[in-house]
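The structure under discussion appears below in the form of structure tokens.
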Amino acid sequence: MSDLLQLGLSNLLSPMVLSFALGFAAALARSDLDIPEAVGRAMALYLMFAIGFKGGAALAESGGGGKVLLDILAAGLLSALLPFLAYGLLRAFSGLRAVDAGAVAAHYGSISIVTFVTASQFVTAQALGYEGHLVAMMAVMETPAIVTGLYLARRALAKEGGGRTAGQPFFSKELVHEILLNASVVVLVGAFIIGWATGPSGMAKVKPFVVDLFNGVLCLFLLDMGLLAARQLRGVRALSGGTLAFGIYMPLVGAVAGLGLAWAIGLGLGGATLMAVLGASASYIAVPAAMRLALPQANPAVYVTMSLVITFPFNVVLGIPLYFAAARMLGFQAG
Amino acid sequence: MQTHQRKKVEIVVERARAPALVEAIQKLGATGYTIIPDVSGNGRHGKMGHNEVLDVYRSTMIIVLAAEPLARRIMEEAHRLMENYTGIVWLSDVEVVRGDHF
Amino acid sequence: MQTHQRKKVEIVVERARAPALVEAIQKLGATGYTIIPDVSGNGRHGKMGHNEVLDVYRSTMIIVLAAEPLARRIMEEAHRLMENYTGIVWLSDVEVVRGDHF
Amino acid sequence: MQTHQRKKVEIVVERARAPALVEAIQKLGATGYTIIPDVSGNGRHGKMGHNEVLDVYRSTMIIVLAAEPLARRIMEEAHRLMENYTGIVWLSDVEVVRGDHF
Amino acid sequence: MSDLLQLGLSNLLSPMVLSFALGFAAALARSDLDIPEAVGRAMALYLMFAIGFKGGAALAESGGGGKVLLDILAAGLLSALLPFLAYGLLRAFSGLRAVDAGAVAAHYGSISIVTFVTASQFVTAQALGYEGHLVAMMAVMETPAIVTGLYLARRALAKEGGGRTAGQPFFSKELVHEILLNASVVVLVGAFIIGWATGPSGMAKVKPFVVDLFNGVLCLFLLDMGLLAARQLRGVRALSGGTLAFGIYMPLVGAVAGLGLAWAIGLGLGGATLMAVLGASASYIAVPAAMRLALPQANPAVYVTMSLVITFPFNVVLGIPLYFAAARMLGFQAG
Amino acid sequence: MSDLLQLGLSNLLSPMVLSFALGFAAALARSDLDIPEAVGRAMALYLMFAIGFKGGAALAESGGGGKVLLDILAAGLLSALLPFLAYGLLRAFSGLRAVDAGAVAAHYGSISIVTFVTASQFVTAQALGYEGHLVAMMAVMETPAIVTGLYLARRALAKEGGGRTAGQPFFSKELVHEILLNASVVVLVGAFIIGWATGPSGMAKVKPFVVDLFNGVLCLFLLDMGLLAARQLRGVRALSGGTLAFGIYMPLVGAVAGLGLAWAIGLGLGGATLMAVLGASASYIAVPAAMRLALPQANPAVYVTMSLVITFPFNVVLGIPLYFAAARMLGFQAG
């Protein structure tokens, strides 16, 4: 137990998590501190490019083969299934409307890249490695949950008798685009392939950029995320207790599912921790965008608040060391 | 310089819906449109921000010059397309020089 | 499609004063407003820039749709609040569909 | 509050030509102007983007308030200056409080 | 004397100062060179984060205790008092209206972070260190001068018989916010605390970002500052000779005051140089913003031109080596 | 031959060229991936600053003298003459209107900084150096081609009997400004001078920024360029076969001219490769801007499409290794 505390503390006392706290506190105090949106988006791009490249380069070094593809498929399946669980829990305990429950469920089946990136630094700080193709698994997990969530919400809308919904195709052209080719999927997968194709010689060329700067940029980016999360805090007032609780217990459920998958496909301790984080984290960029396109009836204030204001901070501050401790306790082995 | 009476339709709408509106404007036969890409505001649906990280809280302003009948059709269609979305639309009078352009 | 006559108030004002104006617009009872966050220009007080590093030289444009009496009150209050500040205000006619919204 | 009738000229023009238009507006005697620096759009010359890397595909919107005769002269001169360039211009009615300012 | 020349030259021939000169020259020649505002703001944030973090980490290594708090208090006091001196000089010699004199005085009691950052590089290039908590002293010096300046200006306005001023509260809510929670205070203090809390282990994680890139980013940022300063040059024409002269002699006065404080609290040579720079430098971001909120009657062209176009270049190009030479002559000892 | 293939492959398999391909592919697939414009411009500024600084520092180390000025003059001459050749070819084989042919010719006499920067990395990856003042030669080559192109186009317009053209001065004030003081000339030349003036001691201060990050930033920048080029692809449909062919064979012609100059002024293998690249590359930022100012009658879709969509990708993907192989075959010697 004291070991768990110690882990939590070492996570809390990293410059990254403290930067997040700084941003959160600044926004709470209504400071006008603001990171220009263009720069925030550029930092996000950088982090995705770097994490993708590092994953690809790691895979190139370790070799991979068919096992990698199977793992990726399995991750996609997890993303497609988690929303059923989430939807069931929401309908049973939260009092959310069906359409909102479907939308929220999609977010929790999907993933948060920033949470993963933060966790990857935590893992590295424990002197652990992780399987390079986890990045590809993450990329694949963005999307399937959207399909499941939409299916659940639209089924409910149809029952309520929305003649209007009938006219709508299940997948509009824009939606398919948004789902398969959104910026984060393209950069993650693209950089992953580039890292894999150019291997160690490619890595030698870009290491100062892709590796050395990583932590520092992550600090500023988490500062920005802290500002962002705290500025959406007002959304919390409109949510019921059951809904808010979901934002805390669903990550735990997702983490367990992630650990189960990690066990099934035989990941090491670092990889299992990250897999738990993928299960636990919820999207707040890609899925909201898809929901506005395809499910405008759902209330964005609900799903954005839950994933960004409740679950994201929970995971970054407490979840990551917790999932790591759980993975270690369950006997996952270092690299 | 002789001028011609035309109407100007202005629309403020959340980002996710802007492409659908622009498509409709073109289909209805407008000769063009102008977009102010990033505006913020407040209305029945609450606050929208500019330079927002979250695209769901951003909005866009669209300006279309057209002859009155087309302008009114655009206004009507815009209303239809903004159901379930954050947005407003209004109409006003303008004078243009090149009547053949609008 | 039936429409209703409303007025549009437009204000261009230096950044530092924009929050005070927005607050006044809301207090007077407008149903909303739209902001074009970064405009540049020139007037009696000299040049304002967009993308200026120095906030003192930036300005913002505010658009409010309202029924005529409210619109005129907003215009008057805006004038009062812009004393000592860089800014102008003007009024024009618009038609809207949803009379209950403005 | 007593108001005065004025005209508003609005111009959407490609970036490269905006400085020439602004210069003309000042030379003709306007008391000021407001610029929305980065708009996108579509027209006879094809698409213009905002946040475009290529300056040739960017456009700017210029707003000028002036008394009617000056406004019409500005409109005419704008037309002349936009030959060979992408752009449009229109005119509308506004009311202002400070008649001496415009 | 030849030693002083040599110092000045070595300052002039650093990439940073030459970058400033490049920007200044480009704007004078009316080049359309322009650094996107979002990027300029991001560089400023980076520099504040980095200097804050480095200061905190240095303090963590050197230890600190109550002395640190006393020093910080003393710095705040200096900031509160300098405007009285500045106001007196302005009223006696410049011909500025009282309200403008009060506004300008506030700027000179406050500080310029970029000048400090540039000076910190000069000090480092002399192979000197400086006390980590100088960063905290700088953060604290931003604000008190604003209060003094406002007091002086409003007293004058009241005498002129502004019934209007009477209705205004001395501190509006926005003003208090702007003063205590403006972006630079939050980032400087926040990063200082993070650097201090995470100490050497935190520094190890972010050194390539926070330390290695510092000079390079500073070059581009000073290039931008050069453009900015030269583009405000037209404002100079409207200023009287006495006003312009103040932009040069007031930094000297402020530097002497800073050296006095440095002597009183026992700083080393590096720290004393930086303390002189704090005294000498004038704000051009935080204080103008506060003045527009709280003192719209004052003419921004006056105070922006003086601090940005006269004093800032003077300090960066000539002041810094001068203050260093003075500190050395006065017997301040290295580290 | 297999050696050539190998060279081409090693170019293709660099992270930079693959990043370009990623951007190109993403835009083709209509992904909404987008690098904020402010960040794209900042990366361009960084690359120009870094390449200029490195060139200046290299010149400071190698010494230079009058020879350098002669080389620079020669480069300017090449830029002024190439458009005559290009115009002749276009009028003979492309079917373009004279005014468009003049505009296009100006682009091909001028240069593309990004192509040069990418080639400099290719050369470095071959363990070769290059003469530092090539950067200055590049800067000087931006402009003279504009004058020649304008001359050719206006002569043609005058013949067609444009009374309107008569009224226009050959050089408006804005045009001269745009030509001599555009952002890229100022940053390249300025950073070159700073690098040269501060020499090795300056380089020591900014190396982590200017050298270490270079490749990584170049990756993201080429990703952006890939997006940009592919998004202009629709412009290709309007161009005739002869016009498109010019976009491929003119670079070869320009490369030969560049190699000839390299031979005449005695460059090494690295320098000759880069000189070929300067001859081969076409401007897509500075020259289009000048053309809109001074030659609005020319169709921007033509010249932008040709230089950005045809010639730029050709040079980055195939041209660079080809010109290097040619230079090596012609007996240019390493450093």
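Brief remarks follow.
Chains: A, B, C, D, E and F, in written order; residue numbering restarts at 1 for each.
The rule we apply is simple: a residue touches a chain if its C-beta (ideal position, glycine included) is under 8 Å from a C-beta of that chain, and two chains touch if they have at least 3 such contacts.
Since we're looking at a predicted model, the values are computed, not measured.
The set of chains in contact with chain B as well as chain D comprises C.
Among the remaining chains, the Cα-based centre furthest from that of chain F is the centre of C. Across the two interfaces under comparison, A-E and A-B, the one joined by more C-beta contacts turns out to be A-E. Taking each chain's centre as the mean of its CA atoms, A is the chain most distant from chain D. At the interface between chain E and chain F, under half of the residue numbers involved are used by both copies, so each side presents largely different positions.
Separation between the centroids of chain D and chain F, computed from CA atoms only, is 35 Å.
One inter-chain figure worth recording: chain A and chain C are separated by 40 Å, centre to centre, where each centre is the mean of the chain's CA atoms. Chain C and chain D, compared by their mean Cα positions, are separated by 19 Å. Those residues of chain F in touch with two or more other chains are numbered 36-39, 41, 208, 212-213. With touch defined as above, residues shared between interfaces to two or more other chains in chain B number as follows: 36, 51, 92-93. Pairwise chain contacts present here: A-B, A-E, A-F, B-C, B-D, C-D, C-E, D-F, E-F [touch as defined]. Remark: chain E residues 36-37, 40-41, 174, 224, 228, 232, 284-285, 288-289, 292-293, 296-297, 300-301, 304, 308 touch chain C in the complex. Every residue of chain D that touches chain F in the complex is listed here, in rising order: 14, 16-17, 19, 46, 51-57, 84-85. Chain B meets chain D in the complex at residues 1, 3, 6, 8, 26, 31-37, 65, 92-98, 101.
Across the complex, chain B meets chain C through its residues 12, 36, 38-44, 50-51, 59, 61, 72, 75-76, 79, 88-93. Those residues of chain A that touch chain E in the shared complex are 13-16, 18-19, 22, 25-26, 29-39, 125, 208, 212-213, 215-217, 219-220, 223.
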